[in-house]
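Each of the two complexes below includes chain A, the first together with chain B, the second together with chain C.
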Partner chain A sequence: METKSKNIFSSITLWWMLTVIILFIVLAFLGLFMRTEQANLLPGLQEYFYSAMTLHGIGMAGIWYVGSMAGVIYVSAKYISPSKKVQNFSYITSVLGIVVILISVVIGKFAAGWYFLYPLPFKGTWPMWSTVAFLLGITILGVSWLVWNFDYLRAVSEKYKLHHALGWQYISGKEEPVTPPFITITTTSVIACFAALISAVILIIFYFTEIGTEKMNDALLMKNLTFFFGHLIVNLSMYLGVGIVYDVFPEYTGRYWKNNRAVSIAWNFVLLLVLFAYFHHLYMDFAQPVWMQYAGQIASYTSSIPAAIMSIFGTLAIVYKSNIKWNLSSSFMFLGIMGWAIGGIGAVIDSTVAVNTVFHNTLWVPAHFHTYMIAGLVMIIMGYFFHVVLEISESNRNERTSQIILGLYLIGGYGFVMAFYMAGADSIPRRYSSYGWDVISKGPFWAEMGLFFGLLLFLAILLYFIVFFNKWKKAYHTLQ
Partner chain B sequence: MITGFTVILMGGVSFCYSQANGTPPPLDEDLFLYKPVPDILIDTGKTKIQLSSLWQERPLLLAYVYAECKGRCSPYLLSFSNAVNTIGGVNRDYNVLILSFDTTDNISRVRAFCRMAGIDRNQKFIIGTTNAVDLKKITNATGFWYKQIGNSNQLDHPVQITGIANGQIRRIITGDEVAAQRLNEAVQILSGYFVRSYPMSSKNILFRCFETDPETGAVKITAGAMIFFVPAMGILVIIFYLFYFKNKKTV
Partner chain C sequence: MQSQKLYLTIFLLIGLLIVLTFRYISRSTKNPNPEWVVKKAYKFRGILFYVQMIVLFVLLFFTFSMLPYSKSNETPNLVIPVDAMMFSFDIKYPGTDSAGTGQKPYIPVNQLIEFRVSSKDVNHDFAIYSPKGDIIAQVQAMPGYVNVLRVKFTEPGVYSALCLEYCGMAHQIMKTEMEVK
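And then the complex of A and B:
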């Protein structure tokens, strides 16, 4: 233990964790607010719906990305040496970016949705300055995270050759040199993430060009750039979280999770194909060449299924007949991997062209991504964060913390997403602040159901926070 | 259902009418879409009816003319009536209202003018006039305008067909030539079907990745699509720099 608690990233990771969990509570509250409105229980507050949705969406996408990345940095200290300065820089600039976005949405009423699809930012009811502020916030985050990712790759490159980091020795049948799966997974993910951030930067440049000159942008090109970025950043947050589990979970099972040929092939597939999966967001854009639509479906399958299968079977295999110590961390991480699979099925269904023609922009979409987030990545990261505070505070890892949190979280979480799935299957559209007409008259009913389970989920999150914060304070004092 | 590949050139509504000095700029359809139309009173000669009675059971296509027009009204009406004949469905899928925008017109003169311009009785078009107050309301709501030319009895005006469904403007077709294809799309939109549309290219656009041919619907990749390669090139450069340039390892 001693050597672990000397992890040079302990302090910054504590701050990252606290920031993420507190923002999570606030953003989850906004989620409940939206569901309450959709249940027609808050007439009169309709005008705040889209600002709430924008903040909730960009906030959630952002915090779980930084949460995973911060977690990755903490784990990586075992193998490589990312720069401490860069960690502080990314933390401070990320917080700054969040503040600027908050100003844009809360004061400026910016409400174009989390991926601010062109030309919506220019067509809204909000003033121009809030669009500019929002884009500025995104710029700050983009630069911050580019530096963060660059530094990570730099640290990998100091220690590993590229083909070793990517596990190609395993693919060609050798066992040496050893590359932990964590390194292979995070290297592939961070490389792809770098591409996503470059795309975000181009996007922002195009936006600012339109603001500064008479030029206009091509909506389809902008949509491509937007989803290249948006799909990747969310997808890769998940993969970073999975990378963490590969490394941390063995500490609970007492078995080492070895890299091997199949694992390496699966994650190289990710690198090769994840860049093309985003095409599935453009199935309804007929002006997109047809071959891209095929490529989108194929890449959606191949960039997710092999990696998911390897991870799920890997997790099961490592747990099976082991003496795993179940506590809040290990159970959250374990169930997170399983939840990822369930949400992933929902996602892959929707990334199938024939299905998408029916499900496009229905509540099925929020259904699947809330599943692999709430029941997947969020569980993984919450479990992992708890693991880290236990580790830094040198608390007993085997303590069994409240089963109530886990129970409430699962019932609340799965119930909440179920209400989205049912509504989606009923063709109820997403992003409606209220459901007025006949065709979607079942909308308020499913919103009420969602709200009910959402409240249970919220309670679980609050209870988690109490337990987590308790250990956090202890960890904080340990470091002083 | 919609068969075949149709492309409406939205933003392309900015065509062609005489840009005399002081003429308002071409109509921007976006500003009118989904806006409600006022429920004006229409005199058809035989009866007086509310405009709403015309869009309540089916969509409505509204065209403006005036009886004394020596200019674009008659060729335009002819083109419109030909397009309607081609697609069919008046009084079944949609109503057509020809409304005079000259308050001095009387209904029989407007009818005579329409006959002369090639519209026959069997076509079941509704022809009507309205009072000055209502005329102002409807023209404002639909973005239509007219202006007396000198001291003559001639009026300068654009030509347009306004598509109305459920009391809202859902499509405005401008231009003297009414293509049956465009009209058909408008009717589809008004009837609640999805019609594909893609903006026309313009010099003002920064980069463009794909072009669609409005005739065939074929999609072509254009130079702007090079943008897609920038992120991929970016990572190649970074990887090369870090792994092969900065940290050349021998082991």
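And then the complex of A and C:
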């Protein structure tokens, strides 16, 4: 492997990666616990279901966001210089935020869900202090990530004029100055992320104002803010992951993504559309103005075009008949793009208003987002993390143990999400700790199926961890 | 075919197509061809772009005629207010407020029913399940708002309504039944 000058973010990235993977294992375990509960195999622990659900949801959404962002920072060192101090700051404050959230959920039994709808946090069985703690935890994460994003934009603007970073020179027909596609993708995503975090801050201010003054909020406005934030943060994590693929994948294929007019138009278009796609979460709120419902379906449908035509087709074109070196990293990244595509189809189907009437809040929803997470973003980031530990530890790229991990992961992962899809098509609701009624009597069966494949998936994740941690230790020593 | 199964089938077919495409591409790397450059795929990409645009716009056009929102040119035969609360539904059948008529209220078949759904506390969701266990319609129940859902029950039987918005620790037991005859 070619020797590179050391990346200044090597050390902090090692810590990010280890934290993300360990938390992933713990949170996946909570996921298995939920499926076990739903299969009626653990009747005594029912009351913990919704706390587990809250922790699993916020934890998973959080770690894959920071996993992608930390990955982006590491790659970005090739082009720009984000502040090292800010990286340490966001790491420490993120951990702090997680601790506060853990206290709220584990001790305070907060269980309003990772995206909670106003006014549920005030109306639950948990004490008021745990709601305050949860909001505080999210505030810490929000501030931490705002600073992180802000510093990224600062670093970009140090090197590129903003309109060049966004690739507008290509759109207006010029070829100069050159902007790597990675910069265009991450800049658009980080700007949208900024918008998401701002909406989270506004939401939290509304909550705290109500605590302070007892002035009631508007439930529909609060729901709009909640999903603007929630939808964006999850989608942007994916886009950041795709940005990484654009930059790292060519190292395996020897073919490069170039920025051009089509790429720039696609990503600027994504930035615009992703802001309106969240309307699809409110299709069943008939009080929402109808034009928003139309806009939601149009934005959701059209945002699939740049994804399919540029990123997914692009990945296929770059691999076709190339001399690619298949190893754990490149296979995971390639298949991660496939999972993104499949999950995307599940999402587009459900973003049709007419379909949403029968799929809204059924298990079809966790089905599609677990697909583009477990089989998509998580695969991309796991592949990429492995790439980074190999790079830092200067190890050989030809890992042979990868076949078993990959096989188990695919069977477990796709089997696990299939059990969600089938249940969704059987009208089984999401967020149910048990399926006691006649009309949803197929629920426990699909939960058992999900549990079975989930265990295979869990095994694959553990095996990955063993292989990864081995290289991680080596990388750690290389840096000392 | 029942609609959920149709959507599932469409999903599985497209999913299969994606898997086969990725498999084909990854197999092609067994015989690498350094002559092949990505630019050669641009024309094909252009075609795909137009195909995807056309398919999506046809689907948009087609599915916009199937929206679940009330149409202004229809008048409901019966209006039924529904109040959701932790953890039950209060269905206010017309003419039953004074109670004591002795007859169990029911919903007439093949009539356009308007449910006016609201909530007394947190967000809930009023999802109507057919006797066979398929969702046929649903609407959110939001405090401070009234959501109007119109449904025509074409088959008699006992329908259930479940809460499909997480509303607290007993969310999964929130249910009511409606007889249609």
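Please note the rule applied: the second predicted complex is superposed on the first by the 470 of 480 C-alpha atoms of A that agree within 3 Å, B and C clash if a C-alpha of one lies under 4 Å from a C-alpha of the other, contacts with A are read in each partner's own complex, and residues count from 1 in each chain.
Simple rule for what comes next: a contact is a pair of C-beta atoms (placed from the backbone, for glycine too) under 8 Å apart; a residue touches a chain by one contact, two chains touch by 3 or more.
If you're wondering where the values come from, they're calculated on a predicted model, not measured in any experiment.
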Partners on chain A (chain B, chain C) - clash or fit: clash
Which of chain B and chain C A:P429 touches, first, second, both or neither: second
Residues of chain A touched, compared between chain B and chain C (which is higher): C
Contacts of A:L335 with chain B and chain C, given as first, second, both or neither: second
First (chain B), second (chain C), both or neither touched by A:F286: both
Partner chain(s) touched by A:A219 [first = chain B, second = chain C, both, neither]: both
Partner chain in contact with A:E210 - chain B first, chain C second, else both or neither: first
Stretch of chain B, among 45-53, 99-107, 135-143 or 189-197, that runs into chain C once the two complexes are superposed: 189-197
Shared chain A surface residues [contacts with chain B and with chain C]: 218-220, 286-287, 290
Touch list for chain A against partner chain B, complex: 150, 153-154, 157-158, 161-162, 191-192, 194-196, 198-199, 202, 206, 209-210, 214-221, 224-225, 228, 275, 286-290
Chain A - residues contacting chain C, complex: 47, 50, 111, 113, 117-120, 123-125, 218-220, 223, 255, 284-287, 290, 293-294, 297-298, 301-302, 304-305, 308-309, 313-314, 316-324, 326, 334-335, 338, 341-342, 345-346, 349, 352-355, 357-362, 421-422, 424-427, 429-442
Residue numbers on chain C that touch chain A, as the complex places them: 3-5, 7-8, 10-11, 14-15, 18-19, 21-22, 25-26, 28-29, 31-34, 36-38, 41, 45, 48-49, 52-53, 56, 59-60, 63-64, 66-70, 86, 121-123, 125, 127, 129, 131, 133-140, 142-149, 160, 162, 164-169, 171-173, 175
Chain A-facing residues of chain B, complex: 196, 198-199, 202, 204-210, 212, 219, 221, 224-225, 227-228, 230-232, 234-235, 238-239, 242-244, 246-247, 249, 251
